[in-house]
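Chains here go by letter, A, B and C, matching the order in which they are written, and residues are numbered from 1 within each.
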Amino acid sequence: MTVTNNAPSGPSPDVAGAGTDVEVAVDLITVVVDGVEMRVPKGTLAIRAAEQLGIEVPRFCDHPLLDPVAACRACLIEVEGMPKPQPACAQVLSDGMEVRTQYSSEVARVAQEGVMEFLLLNHPLDCPVCDKGGECPLQNQAMSVGRPESRFTGAKREFEKPINVSAQVLLDRERCVSCARCTRFAEQIAGDPMIELLERGAKQQVGTAADEPFDSYFSGNTVQICPVGALTSASYRFRSRPFDLVSVPTACEHCASGCSLRTDYRRGVVTRRLAWDDPDVNEEWNCDKGRFAFAYLNQGRIESPMIREHGSLRVASWPEAIDAAARGLATARGSVGVLVGGRSTVEDAYAYSRFARTALATDHIDFRARQGSAEEAAFLSSKVAGAPVSAAYDDLESAPAVLLVSLEPEDESPIVFLRLRKAARAGTQVLSVGATATRSLGKMSGRLVSARPGDEANALRSLDDETRALLGQPGAVILVGERIAGSVGAASAVLELARETGAALAWVPRRSGERGALDAGALAGLLPGGRPLTDEQARRDVAAAWGVEAADLPSEPGLIGADLLEAARDGRLSALVVGGVELADFADPGLAVAAVENADFVVSLENHHSAVTELADVVLPVAVVTEKSGTFVNWEGRPRPFGQVFRDALTMSDARVLAMVAEAMGSSLPADVASIRKEMGALGPWTGARTPAPDTAPGASADGVVIASWRQLLDSGLMQEGEPHLAATARPTVAIVSASMAAALGETVTISGPAGSVTLPVVTGDVLDRVVWVPTNSPGCHIHADLGAVPGTPVQLSAGGAA
Amino acid sequence: MPLTPVITEHWDDPELFTISGYRRHGGYRALESALTRDPDALISLVKDSGLRGRGGAGFPTGLKWSFVPQNDGKPHYLVVNADESEPGACKDIPIMLANPHALVEGVIITSYAIRAKHAFIYIRGEVPEAIRRVANAVREAREAGYLGTDIRGTGFDLDVVVHAGAGAYICGEETALLDSLEGFRGQPRLKPPFPAVAGLYASPTVINNVETICNIPYIVDRGVDWFRQFGTEKSPGFKVFAVSGHVNRPGIYEAPLGITMRELLDYAGGMRDGHQVKFWLPGGSSVPMLTADHLDIPMTYEDMAAAGTMLGTGTPMIFDETVSVVKAVTRWLEFYKHESCGKCTPCREGTYWITGTLEKFEHGHGTEQEVETLVELCGQIMGRSFCALGDAAATPYPAALKYFRDEFVAATTTSADDQFDPVASYVFAGAVAR
Amino acid sequence: MPELPQAVRGFGVTFLTMFKKVVTEQYPEQKVPPKPRFHGRHQLNRWADGLEKCVGCELCAWACPADAIFVEGADNSDQERFSPGERYGRVYQINYLRCIFCGLCIEACPTRALTMTNEYELADDSRAKLIYEKKDLLAPLLPGMVAPPHEMVPGTTERDYYANTVKGASPEQVTTSPAEAEEVAS
């Protein structure tokens, strides 16, 4: 099991062990900085060496994760033997080199002072109305190394302000110091060179092409790394001052990349979120969804428990609601299905897992509120659940080759994409099995291994020798996305390929809670830590930890996926406990709605009003991430613990609510995060025999035109609600087809599936013939509900139609 | 010292720009001979000749070639810097107009020596005539079999691309030129790596000035001893001096290095009648100015450096006493402000500030304190900017202040036009002084 | 001279005081104006055309040693303009239970939006009432001023306001102000 006691976030202790190995290998040189002799690895930049001594050389353009550019000249230092002061950010140290910073060199001090005076020359003195005021490197460094007064009396350069470089990012050009951090980030890190420096001399400015805004998924990072207030975000502009904010380190709840974040709030409201520095995971970046999509935390919340009475919900007290839930569930005990949302913390998922097996005496539990298959469940149970880290971000970076299967990392796990792009720039070969060569694959210089939707298994089993050889190299990695569930035999084929080539295999789910829920055993047939439910020893372990008799635990694997929903619909299950699930997310939303409708008794644990709360008999409001502490487990299997942002929040976590229901039912559950972690830690990961791996014969793609699809990063997702600026930067909803199909279709296409049709603009792309790519859940195209389709479903295309 | 026309020897032949005209005067003879030699021998030949770059910095050409790593498996490139845009410099463009085949022949020999299969001639975009002439010369050379594959049966392949710049002074800076050639915004690159190791398309690249390359055929043809008979030990050879300003016969005078300005002035027909030298610049606006006291200093790299200036492009500008130094320096700074690429702070902001203050002086405003502040500001740019453009921008003012402080102090109260009637400095007929 | 009894001597002070200037103020019947530099209740000033001077920069809140000021800025929009320039103070509160009247906020204010009046009658019967909102603190509209939100004087920028060249509301502004428009309509 990966999640254990409350380990603090930050570098894990075993890194230090690895570090000692590295030191032996690295070539060290001796340098002198400000008279202090020190040994640093060869190739170290002067500015980094100075940092190690705690000497802060002023800088603007320097950023440790961007290539040096030496443009701002703020970091000039004196280098022994060089006639001119040199920029510390680009000065590679050589053995015996002696450098002097502003603390020991008058030359450096005067040079820095001069540059600072120049920087302030055209910089407006609008600090009172600038968002950066109070946390501004220019302010700070002007105070520390600048002149007390400017000698400049002329007119400052002016620009029209602010201009939108995207709907979310605003630019005040007159504040810009032309450090090129934003443009270098866009080019080097995100691979979206949509902003560039334009014009020259003092008129130089950041800008975009007239018809192409800076709609990068990572645009928010430029706001964060801007050393002045030139780039600001629409969502935070004029909202607050840094000294008003309380900052709390948190983990991102949006996807399984597992970013460390800093959440800033003021008076009980989150005002902004920033990427936090975690070199092992997100480095210093995050995606725009993680950064800007937090308005949902405060909007549309369920404020009090509700009970259905005479057909409609009414507000109830907590004791009343808990009592009602307990009575209803007790009646249905043994015939209850539990649906756990994909964004539960591992502690909450564990509570559902234990609640189902003890209080409800059922094993009908599934965390996959999406398309899922029995093959996938077997794959996850046998290979992923509770398993140690098989591949980490660092492994991606050092891998000679990475094969992506049913995974579009830029949309489905953006930080994986950033790391893969970093790796690709250093020579890693990225391969992607799929039907379309996307823009992100291009940014990773990747190669497409063509496979029609549904044909992935065949493609994997018939990889050419060259590709196999690439994956056979030590360190190669295979990353599998959540959509593998939709392709028959693909999971089996991937396992076979990994066995054959020896490549490391990792599952990259999209949602932040899926890996944790899997580890916590929120899947039928699986107990916490990857324990097979059918294993006698595993059941005894778990029963001991839970303080119950092993005989009282269910021994037959329960229903999952569509089977579970069908059972509820058909009345074979009499009650459902639904925690944070959106019914429209299931591959067959109609079935999911029917299941909830037809179940005799439904308890919904939710923070927002949803389709489930509309139908539920008891609605129990639960905390959102800012109101509880917990842990997400990212795709690596790395715990991402986070603390409670709002310590005085009155809402309760799912685990605590379940504990109250359990108690009312005469059972018991640990209620707080600390005791859950302790219990999970004591239980530990399973070392015995695992459930058998799936061995499903490859499926085949349907004839005719089939759908290829995935969820875009910015789409109709409920957690992005309330942030119109972010939504405006989403990619347009289009249908992407090959050039020949596009020629036949014209400008718009009407796509008809089993349940209906949608009409979308046609865009030509690198897509296989007889395949149409559409977004899964974007405004104007929700394939499950609108088309009744999943990836691989054959559809009819007809030209034209009103878009 | 007599003039030594070499590159300019047959400029009176109106057909010189054609291949037949060039051949008539011995053109492409050097190439035939060079192709029979070992490339390394050519590099050492140029090294031995002591030829120094004619673009301004005066870096030894043979040494530059020898920095190119051989047998590294990467393509090598030769780039000719024909982006002549220094104020006052006008030598490369006349060379390309009058004798383009000397450039093409030099390019072929140089490419052969450094094992480049592609050469680029980056010509300033504002001079379409020069672009046409050079492009035509390249076409003629290709038709004559001097370019293409398996040149003269030696197995040596070379293609030459004539590229028109888009008009930016910064693109005369060699790494900015490379960026521009690659299709990016012309901005200087961080060095190291130097272009000889990772230049155009991250491959070893030699960047030479037009005049430097034009010297090559003559050195190969006539030998090191012939070349070294001109000039001095440290500055061997001859130089195309383009004399401009208040002289009677401004123009191009090819003379051995070591000739003095006074001699050049004589060749140029002396100052215009009734006027004396007030100040002059040996090579473009980027070098510190000198006065009439310095007319007898030999025009060599080392002597000019000893006098506190630089030979630069070797294109002297001479101004007589009717010219306001304040105004001249202001014009130059306006140029640098306009041409600063914006990459580094000192150059971008410094030129903005200095130009603004100088414009105040020009109109008779400002304070004596500002006269001193400007020196400090120039010091804040000099040696701290990203490339030499910043240094160049910081050069004119301190040099001018050294000799003409009174004029700047007076300019804080009296406008330049009131100090010096601008009409008096006009050289065209009919200008009448106030 | 015979000694007066101690008790009588004691009345001497009283007697003499009867002839001195009376220091007792008949507050509240008679209100004596305090000295001009007296630190009283704050006031949020306006420009000559009625727009607010406050830009919501929070420097006053930053300077406040008693943490008595709460400010939240917001964007002026084309439809709703409260101050010249981009930003205005959407929320402005001073908690007079905390304020120590030191005046550091006044020194911090970059637009001279915040000054202090001589008003000292700051007592009330609840804590809530002693938290003054923006509407309580804003200076009254003088003749020639138009209540915001409304556009800047046509043809001017915020720069003209800061240079104090705007001397009053223009006729156009009278009609752009919703409050005035209502008045005109009725």
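Here, a contact is a pair of C-beta atoms (placed from the backbone, for glycine too) under 8 Å apart; a residue touches a chain by one contact, two chains touch by 3 or more.
All of these numbers come straight from a predicted model, not from anything done at the bench.
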| item | value |
| --- | --- |
| Touch-based graph of the chains, sorted into line, ring, star, complete or other | line |
| Chain pair, most C-beta pairs within the contact cut-off | A-B |
| Taking each chain's C-alpha mean as its centre, the one farthest from chain B | C |
| Whole-Å separation of chain centres (CA-atom averages), chain B against chain C | 67 |
| Mean-CA-position distance for chain B and chain A (Å) | 55 |
| Length of the line joining the C-alpha centres of chain A and chain C, rounded to whole Å | 49 |
| Residue ranges of chain C touching chain A (in the complex, touch as defined) | 55-59, 61-62, 72-75, 85-87, 110-111 |
| Residue ranges of chain B in contact with chain A within the complex | 168, 170, 185, 190, 337-346, 348-353, 356-357, 373, 376-377, 379-380, 383-386 |
| Of all residues in chain A, those that touch chain B in their complex | 68-74, 76, 83-85, 90, 111, 114-115, 117-119, 121-122, 151-152, 154-155, 157, 177-178, 180, 196-197, 199-204 |
| Complex contacts: residues of chain A adjacent to chain C | 128-129, 133-134, 161-162, 237-241, 243-244 |
